[in-house]
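In what follows, structures are represented as structure tokens.
One chain, subunit A, links the two complexes that follow: it is found with subunit B in the first and with subunit C in the second.
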Partner chain A sequence: MTVPAIEIRQLKKRYRKVEALCGLDLTVDQGSVCGFLGPNGAGKTTTMKILMGLIRSSSGWAAVLGNDVSDDDLPARARIGYLPQDPVFPPSQTVRGVVASVARLYPGHPRGSELRRRVDGLIDRVGMIDIARRRVRGLSGGERQRLGVAQALVGEPDLVILDEPSAGLDPMGRRDMLSLIEEISSRATVFYSTHILDDVERISDTVVMISRGRAVAHGSLDDILTVSEADYTVRLRGDTAGIHDRLIAEPWVGEIDIRRRTETEDWRIRLTDDSVADRLAPLLASDDDCDVIEFHLSDRRLEDAYLELVGADDGD
Partner chain B sequence: MTTEAAALDRIERRGPLRGFSGLFGVELRVWFPWRVLFMIVAGFGVFALIYVPWRGFEVNQLGPLMIWFLVFWIAILLMSTVSLTEGAVLGEIERGTASWLVAMPIARPAFIVGKFVAVGLGLAVVVFATGLAVYPVLADAAQRGIIDFSAWEVFEVASQPIGGWGAYTRLPDMGAYVAMLLSLWALLVFLAALMMLFGSALRSRTAVFGLGLGAAGIILASGILAGSATAATPAGIARAIIDIAQGKEAALMTPVIGTLFATGVVLVLAVWVFDRRDLT
Partner chain C sequence: MATDMSTMRIGVSGFWGVLRGDLGRWLGRRGLFQLILWLLIIEGFLYYTVATENAPFGQLGYEILLNMLMFFPIFAGIILAEATIIGEYHSGIAAWLVSKPVPRAGYLTAKLGGLWIGLSLTAILIPGLVANWWLPKVEPYRFVTPEPPPFGRFLAALGVTVVVLGFFIALTGFLAVLIRRRGITALLAMIVWLLLRIPLPQIPTAWHRYLPSGLYGTNQTAEGWIPGTEYIHGHPFGQASAVPMTMLAAVLLVASAVLVYQRLEL
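So, the complex of A and B:
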């Protein structure tokens, strides 16, 4: 049985009066692409910094690739690549110089022409080979971000931790970054934080949502997007007043959201009890004043799940 | 054992200085050549400022020349060391480069020690390059007197020595002079270690800079004023250098050993504090 790439139990971090993490639990399996979501200040960067040994937890336990992070286990850290939020590199160094400097910090790094080959291969992989001799001070935000990914990959890591890799990128830069993450995921576990939910839906297989320092949702993307049997979307045409009155009179109907279109209405009906879901369709069909054009379980996008789970935790 | 396992085993065995050579290389590029060159030029500038006004004096001025040169040079070196090292640790933490580096497979102590050794090497080049370049000029002055020249006749002065020496101040011989430079370097290295400690412990660069300047001022002033009471401290080095410049006998061994010991203690403290610091 393989150890999880990341395992966190009851992790707490307090900065003076602010509790950044209050009992966070999460597990990221090896080989997965895990999106780490949460509002600003939820504790995402703090969690990542604890995993990288940059800050110490107040209590709790965290392990990366089976190694307790509090042990400051450097051989384990050699198997992790990290892209910090807003990466900063020496401004006078060239793109090639930065990647080569980082490569030399890893144990057993190649030397001479072999090092050059590996460095140039990585720079090419992130699409910067044409500007390999450009100094960091002359790079755009997107180029710095890509350079950050290149240096994170230089040790050929088993786990890549990326703190908001798409932040500040234009649409093309974002698309390239997602392609890069997809490519990385073929050979390493990827744990990345982001606010862009569409990106998570596109490339992640696992999602962790965090709010106020603790996980509010954690699981596969499919599980999180699956809604219960108690949430239906219906499209109706005709006079809907009667059926509306009959529905809200039923004790097992919770709420009905109505969106009116030109000739039809879209209703989202939430039931209080999914065991009585089979009564809904016959009830709708029994009304002669309107026609049921569509009837299905509601689709849920990640944004809906996020707003529902994180919003509920924020008391919205 | 596979290549990868052997490599991981190697970083295990390197202990608390894992990653030192890489970080040392990075920091060396920060100091060489520009910072070192700047400090050397500053030293020559101080020498020129002190030497040129003395041109009108006829005899026996080597002592004051050396004393003033050394006092101002030490002051400039101390201030340069403070201003060039105040951001070495805290600046990197604030910019985020410390997090970037420490996230790699390197030991935190290597971050401080790598910087310290690079700074020490840079300061050694500064002290010896400036000090040894100035020595022939001082030796010439010791033999021929301080050259008297008009600013308008600057090209004539080399061939027109004036004045006799009477009971002139003796220039330290080369061995004593080099020992003096070595002790000056030890003093600067102590200050650099102190700056590493301040940078590791504090959260404001202004505070680091202020404390560094304060420490430099106290070292210099107590060296000048406190005399033998500071013999085994860094201030004792400043005192001994001034004594040597005046042609007096001065024991450098005690203050140098005391300073190197203090440097070690301060460096260990800096490493300990940095090791426990959150890099937020």
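So, the complex of A and C:
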């Protein structure tokens, strides 16, 4: 059985009076692209720093590639590539110098022309080969971010942990970054944090949503986007007053959101019990004053799920 | 066992990677700039004080040189050690490096070691050897002893200076990981330097044989110079025990700094 790339159980971290993590549980399978979603201050960076051994947890347990992070296991760390939030590099070093100096930290690293080839290959992959000789102090925020990805990949890691990789990037930079993450995912597990929901929908296969230091949702993107059998979207044309009254009189109809259009109305109907869902369609069809143009289970976007799960948690 | 060997191999590789990176900067443009700066400071000051027509300390060439080398490079070592350890801690560079397969102990020792080697070369050994080359050529020869000091003894005196520099870099490194605030760290290290430099009546004279002050305290020679100046002129080095003790103190300080650093949140 393959060990998970990341496994976290009841992880807690307290900074004086602030509880940054309060019993976080999550598992990231090897080979997946896992988006770690949450609002600012939810505990994403704290979790990643604990995984990298930069800070210690107050209690709980975390393992990366099967190794307990509290053991500070160097062989395991050699298999992880990490991009910190707001990456900082020695300002006087060149782009090529930063990547080469990181490459030399790994045992058995290539030397001479082979090292140069690997370094330049990586710099090319992140689209910086034209500015390989530019010093770090002369780089823009986006370029620094891309350099951060290059240095994270130089050890040919099995797991890549990226803390807000597309933060501060312009739309083109963001698009390139996502393409790069997709490319990385063909060879390594990717665990990245973000609060940009579109990014997660585009490239992730699993999602962990975190709020106030604990996971509020965890699973495949399909699972999270699949709504229950009790949420329907209906488009009606004609006089809808009668059917509305009949629907709200039924005890199994929860709430109806109505959006009026020029000639039609879109209703989102939530049932209190999905076992009675088969009663809804006949009831709607029974009204002669209006026509049912569309009838289907409601689509849910990640944003809906996020607002529902994280929003509900914030409202506690 | 195999895991231990693998861990050690990775740790050593990480240590060498950081040390090499730091030494590379000393050997590059920054190193050249530092060397020129130190040559200007040491040789310039020395030339002014001993070799010009109205030189204020005309006969004290080697004494001035060794005292300068125990003064300026040590202060630079304190400032640079503080800037390196605390600067990289606050900027996130330290966290970035130890997120690689670099043990924290390796990171810290490589940083302090790189600074020690770089500063020893550019601020002590090369300026010292350059001065030793031109001082005997000063016309007319006017120094305390009729002949220039033997090269071996002069080199040993430079070596003692390098040991003292190592001690103060280690002390500053230890204070830096403990306090993690710039200014106050350097100030404390300089206070230690000063307390050991000026004879304190509270410290029995014999103790100085085992303290760094035995290597650079002004109460160690009758003339108020550092002990190395007597040594290069043929006197025995009475404070020899202070050399291994200072080295031991430096090692203990680095070990303590590593212990603190292991627990530090980056």
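What we mean here is this: the second predicted complex is superposed on the first by the 315 of 316 C-alpha atoms of A that agree within 3 Å, B and C clash if a C-alpha of one lies under 4 Å from a C-alpha of the other, contacts with A are read in each partner's own complex, and residues count from 1 in each chain.
Criterion: a residue touches a chain if its C-beta (ideal position, glycine included) is under 8 Å from a C-beta of that chain, and two chains touch if they have at least 3 such contacts.
Note that the structure is a prediction, hence the values are computed from the model and not measured.
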{"item": "Clash or fit, subunit B versus subunit C on superposed subunit A", "value": "clash"}
{"item": "Partner chain(s) touched by A:D86 [first = subunit B, second = subunit C, both, neither]", "value": "both"}
{"item": "Touching partner for A:P75 - first (subunit B), second (subunit C), both, neither", "value": "both"}
{"item": "Which superposed partner A:R56 touches (first subunit B, second subunit C, both, neither)", "value": "both"}
{"item": "Touched partner set for A:P282, first subunit B, second subunit C, both or neither", "value": "neither"}
{"item": "Partner chain in contact with A:S101 - subunit B first, subunit C second, else both or neither", "value": "both"}
{"item": "Intersection of the subunit A residues that touch subunit B with those that touch subunit C", "value": "49, 52-56, 72, 74-75, 77-78, 80, 82, 84, 86-90, 101-102, 104-108, 155"}
{"item": "Touching residues on subunit A, where the partner in the complex is subunit C", "value": "49, 52-56, 72-75, 77-78, 80, 82, 84, 86-90, 92, 101-102, 104-109, 155"}
{"item": "Residue ranges of subunit A touching subunit B (in the complex, touch as defined)", "value": "15, 49, 52-56, 72, 74-75, 77-78, 80, 82, 84, 86-90, 101-102, 104-108, 155"}
{"item": "Subunit B to subunit A touching residues, read off their complex", "value": "3-4, 6-12, 18-19, 22-23, 25-26, 95-97, 99-108, 276, 278-280"}
{"item": "Subunit C residues touching subunit A - in the complex, by the definition given at the top", "value": "3, 6-7, 9-11, 13-14, 16-18, 20-21, 25, 30, 91-93, 95-103, 263, 265-266"}
